[in-house]
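Both complexes shown next keep subunit A, but they swap its partner, so subunit B is in the first and subunit C is in the second.
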Partner chain A sequence: MSHRIMIIDDEKIVGDMAKISLEEEGYEVETFLNAAPALKKLEEEPFDVVVTDLKMKNIDGLEVLRKVKKLHPSTKVIMITAFANLDVAIEAIKEDVFDFFPKPVRIKELKESIRKALIPDDQTKP
Partner chain B sequence: MKIERKIILLNAIYLVLIVIIGGSAIQSLNSVSSKQRFLEIADDLNTSFLEMRLSEKNYFLFNNITALYEIKTNISKANDVLDSVKDDIIPVIGESSYNELKRGLYNYNVAVTEAIDNGSWNGEIADNIRTKGHDLEDTSSRITKLEREHISNIIYRSKLLLFSSFFAVIVTALIVSRVVSRMVLKPIKYIELQARSIAAGDYSKIESPIRRDEFGVVIEAINTMSEELEQREEELIQSKKLASMGVLVAGVAHELNNPVNNISMIAQTYEEMYDKLTPTQRLEFMKKVDQESERIKQIVDNLLDFAKPREPRLSKVDINELLRKALLLVQNSLNVANIKSRVELAEGLPQLLLDENQMQQVLVNLFINAAQAMRPEGRLTVRTSLDSENGMVEIRITDTGKGIPSEYIPHIFDPFFSTKEEGGTGLGLSVSYSIIKSHGGNIKVDSRMGLGTTFTIQLPVNDEEKGRV
Partner chain C sequence: MTILKKMRSLLGRYGNQLQDRHVNIRSVFQGYKKILDDNNHALKIINDMSEKMSGGYLFDIAYIREAYSELATAMRDCLADFNRLTEGQYPQLEPVFNNIDSHIRELLNPQTKTARRRLISFDNILPESAKEVGGKNYHLSQVKNALGLAVPEGFVLTVHAYDDFIRYNHLDESITGLEDHEYDPGMLAEVRNRIMEGGFGSSLKSEVGEALGRLREECEGACHLAVRSSGEEEDEVFSFAGQFETVLNVFPDVDSVLDAYRRVIASLFSEEAIAYQLNLNYSPAGMRMAVGVIVMVDAVASGVVYTVNPMDKNQQSMLINSAWGLGTSVVDNLTEADTFIIRKKPPFETEEVRLGKKDTMMVMAAAGGLEKREVPADRQRLPSLNAEQLAELSRQALKIENFYHKPQDIEWALDRSGRVVILQSRHLRIQEPAGEDTTETVDAQPPGEHPVLMLDQGIVVYPGAVGGRAFIVDESAALADFPWGAILVARNDSPQFVRVMPYATAIITDSGNATSHMASVSREFRVPTVVNTGNATDVIKHGEDITLKADEDGGMVVYQGMDKEIIGRHHDSFIKLEELFEFRRKKYIMKFITPLNLVNPFTDEFVPERCRTIHDILRFIHEKSMQKLIDSSRFAGRQASLKRLDIPLLEDIHVIDIGGGLKPGTDKMVSMGQVKSAPLRAVIAGMAYPGAWRQNVGNVSLSDLMTASMRTGDIMGSVQVNLAVISRRYLNLAVRFGYHFTIVDAFVDTNPLNNHIYFRFLGGAAAVTKRVRRVHMLEIILRHFGFVTEINGDLITGVVTNVSEAEALRILDQVGRLMAYTRQLDAPLTSEAVADEYARRFINGDYTM
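Here is the complex of A and B:
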């Protein structure tokens, strides 16, 4: 069974492009423009990796990170953000974020990060 | 003249008036009391004259020589009295009346002495005594009567004087208080009004004829103050603008990062997946790139408008005409949203010097904001009017929308402040604000939750001088 990846970003193109590249790698990808339906989906079924934008209307990425970790502690969360903010980065690391990407995102690096994220915990740590 | 001096002068005049009144009252009292003193003396004298005449009668009836001696004693007593009170009496009745009295006494004395010396009865001498006695009594009672008249005259005149000065004091008091309040209260009222308008943000100077008094100083101080306030406000606006430039830059960075990231991701995917993409997909990718570039261009345009509002290209514009044009531009959006529009435009407004494009941008921004705040069946009203007092034309744009929460009001003109879920850049009002300011105008908002919002724009009417420039 292929790994399941969730992408949350209110910019539609981000999800679309990431989806094309990641599906090519054989992952199963679902994209969301809003955090609310994404979190609802997560309550129904687990994902292996969640890639979320940090700054979105209504809900902020840190909140998504916390909720995901609460629902599925083993799910890896990767954050992308339009602007780098040290405070937020520290906060995210405390909440056990797996990786952090500033925009513009290098898709190859994202893919690499996801690949690492999918290696079981007892084998490696980033 | 300084107000202080004016008041001192008025008070001095008032004081002099009172001193004059008081002085003349005291003088009347004094002369009344000295005349009173004379009357007392005259009473004594009259009594002794009466006694002399009684003794005279005895002499005539009984031919009694001792009666003549009695007269002589009385005469010398009267003389003594007259001598002792000479200094008191002369100022009252005058020297001639005094001398007349003395002369009367003397003549009487001479007549009586003659009779005594003669010894036996002599009709002629007796007649002489009678005449002289009569003269003396006459003189005395005439003077007394005159003095009594004088006294009542003085009392009458004093009464009149006191009465009329009472009125004079009251009338002067009324006039003085009137004049003082004119002098003091009127300028104070004026200054108060001016202070109010300064507080309301109108820094125009007090225009008043140059005054040399304290108010001149106060007016000058207030003018200097309002000049400084105006300058401070400009500095404040400038620093606010700098602050909002910070907000702006942060906002722009974030705003720009999204489309840049989108283009970058499309390009990466395009490159990597080139072989696997269908021609339609490739076309779609490129269209998206184009759309995202357009997004960047718009942000940059707005940024330029805000950061460096280009000098307005001014031309004479009929504001009503411009409003109608701007309304036509948004008519379609209004129709789609089922919003009615109404115009109430004042006739005969002066033409304004405006940058037509910029002003149209402002109006469209405001119309769109209004439309977005309303539900179907809402109403957009546009009014114009002339505020000739301040030399401003006023444009009011009223909607029946949801209103702006009061905690948002201070922020709506900030760049990137938006409450709109999608598509709101939050630049509309901040750009409009800087355009209106660069036209020398004002923009204000008045909003009631659930009832609607009114944006009021004031634009200066340019005088011919500016018109030629």
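Here is the complex of A and C:
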């Protein structure tokens, strides 16, 4: 079964582009413009990786990160944001974010990060 | 051109004014360098934007806004510095920039709308109105306004008219609500009904009335109209063919036209049209529609041209379908049609004819609408186009394809006077031949067995995996002959290549860099491009098939032959990206930034008013700043302290050092060892090259001498002729050798973008025919070294820009040799063939006469 990736970004183009690029790698991709329906979906079924924007209208990326970790501790969260600042990055790292990218994100790097995120934890530990 | 005029031209356009003024060459030079920095800064931002929006990055609107705001600031600085340097000589440039800037800002911040035109006639549609009039209308206006082909008269009710109509009838909320209700059929039907019952504000009505009045005047009474859709996105990437309604044979009165308008608008909300858009990932409720109102052609015959015959693997032919009467019979398959396969180049021979049995035709009905009619039996099997009409139609179709650089699907009609009228042109999407096709190519080498010509050389400007026939652009293969789909191989990268870029499969150059004008246009057009490979023109043979695989991470391979395995693999995801509405919409602003329209500085087009993009403005500024520098150097001699070069060959030359061109402490006489100016050293080295300089200058007749002294006398009288203005990296050298007058101006530093070499030559002392031959010979040689040249009688000017430091110095060395070589040249040039031969010898390093 192919890995499932969720993309949350309030700009349609980001989700659309990510979907095309990631489907090319054989992943199953679902995109959301709002965090609320995305989290609802996560309650119903798990995803392997969640890629989320940080700054969004109602629920921000950090909150998404906390919720995801509570629901599915093994799901990896990658954060992308136009407002890259150190405080948020530190906060996100504390919350066990897998990776953190400032926008514009090089798709090649995002793919590489997802590839790493999908390696089961027990294989990455010594 | 009179001699006097030529002199003026030689001195530069502003020579006369400059003579009487104090020219501070040092400050001009500083100003020039400042502009180089400004230019580079702006180009760097543009390149960054192109790269981020090329499909390899996830980006959002915040990024574009930020990047553009940085670019706009850089442009303002650049314009201010340019204005200072040229002392306000180009006041038109700033308004041109402001105009482009406001378009971009409007796209970035849609709420700050400026002029909203609800009705535009086809004659007045400009590139910036493309979105307002919709894709289909815009293309038709280009066929008329840019290509000068016949299209029907008409006007467009823009997307602003649509917005007003929707608002006037309070439909906004119902429409935005559709998405939430998943386009419920009942709600769609209600929207359609309300549109059909909708009213129009009185001002829009009167605008339409006036426009119809003008149309009626032009069609002298019998005026029948077609009212058809042109969605914002229609014909852009997807054709939307047949999705929206077209109303035919509408009477030219306000009520009839507005009624047809409602029907067209309502069709935007048909279940089929909504499903089609959803399928393509659009959000239908957000789409706005422009509507074209055009005069119908009372057609004798009409039909469709595919500029690429889908059955022809080699894509060397076009396909024309044609039937009697109006075009709907062909488009909607109401009758059999004639099929003509036409060879895709002049004189457009017919390769194949299949005549259909055309038993019915559509004509305009007296009561409006169309009616079907029987075709008389004796005409049913007659060809609906004759050879001459086929050739004319093919010529026009190819012209349109060349303009768009993409295969076209063109609807046309033949009017009562036998004139071809273009009704519509859109991109033809051709399916690549399916897999089984490749097995037929017996001569293809098995994959992986193609010899490697180049490996990991140069800089990848734009990645991709493509194959095609190599076309080496040099002095013998002109750009004008560049074939569709070939791979361009050249010594230097050049903004000239922009002309062929939209239909070049790839570009590979020996020198060049990733931030040049050409590179940014390569990204714009997504042409796989590798520059600075060192030896592409040596390794690749003109006319051979090659495969280029250039990777995003900088690796590259060139194989001999076409490796279909490699070529097939890459482009899928890019095509999908290009199909994203949001992606295109965001990228749309780049249309006002990256394309380069100002290519050749020697044409009349090279004026501020022709700058349509920011890139054009930068190119203009660079060129004119360089001219300013050259002109200023010419008149620098008067007030500066002069020294003299004490160098064999150049002993009579004064020198002005404006910064680091000479060793400190150099006295009045300057020896070669004291010259620090890199470009001057290169030129002198070239002149002194063994064999290039000969002592025994050829025989010159008395009449030749008379002409020569007449021609150069005036120049000598007014300016300092033998003068070198130098810095460490700059040279302006004006010398008279024998009876020839030469100017070399060069700036050479480590950034290729900053570099230029400018060369001017005016000869004397020979009969007219010899002078023409000499100029011809110089042109061959200069073009070989990458110069763009212009000839004006026997005055030749050449410019080469964007070359690496090493390449620039190499060219300057050759320029030195050329100057030495041409001293003695007139006498032996007895025929054109001899001139060709001398050019060839010179290029090969043979300086014998």
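By our rule, the second predicted complex is superposed on the first by the 124 of 126 C-alpha atoms of A that agree within 3 Å, B and C clash if a C-alpha of one lies under 4 Å from a C-alpha of the other, contacts with A are read in each partner's own complex, and residues count from 1 in each chain.
Just so we're on the same page, a residue touches a chain if its C-beta (ideal position, glycine included) is under 8 Å from a C-beta of that chain, and two chains touch if they have at least 3 such contacts.
Computed from a predicted structure; not experimentally measured.
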Please work out whether A:44 is in contact with subunit B alone, subunit C alone, both, or neither, and reply first, second, both or neither.
neither
Partner chain in contact with A:20 - subunit B first, subunit C second, else both or neither
both
Classify the contacts of A:87 with the two partner chains as first (subunit B alone), second (subunit C alone), both, or neither.
neither
Once the complexes are superposed, what residues of subunit A are shared between the subunit B interface and the subunit C interface?
11, 13-14, 17-18, 20-21, 24, 82, 103-108
Quick check on the complex: what are the subunit B residues that touch subunit A?
250, 253-254, 257-258, 260-262, 264-266, 268-269, 272-273, 276, 288, 292, 421
Could you please specify the touching residues of subunit A with respect to subunit C in the complex?
9, 11-14, 16-18, 20-21, 24, 80, 82, 103-108, 110
Which bits of subunit A are touching subunit B when the two form their complex?
11, 13-14, 17-18, 20-21, 24, 55, 57, 82-83, 103-108
Touching subunit A in the complex, subunit C uses residues 52, 55-63, 281, 552-553, 572-573, 576-577, 580, 582-583, 586
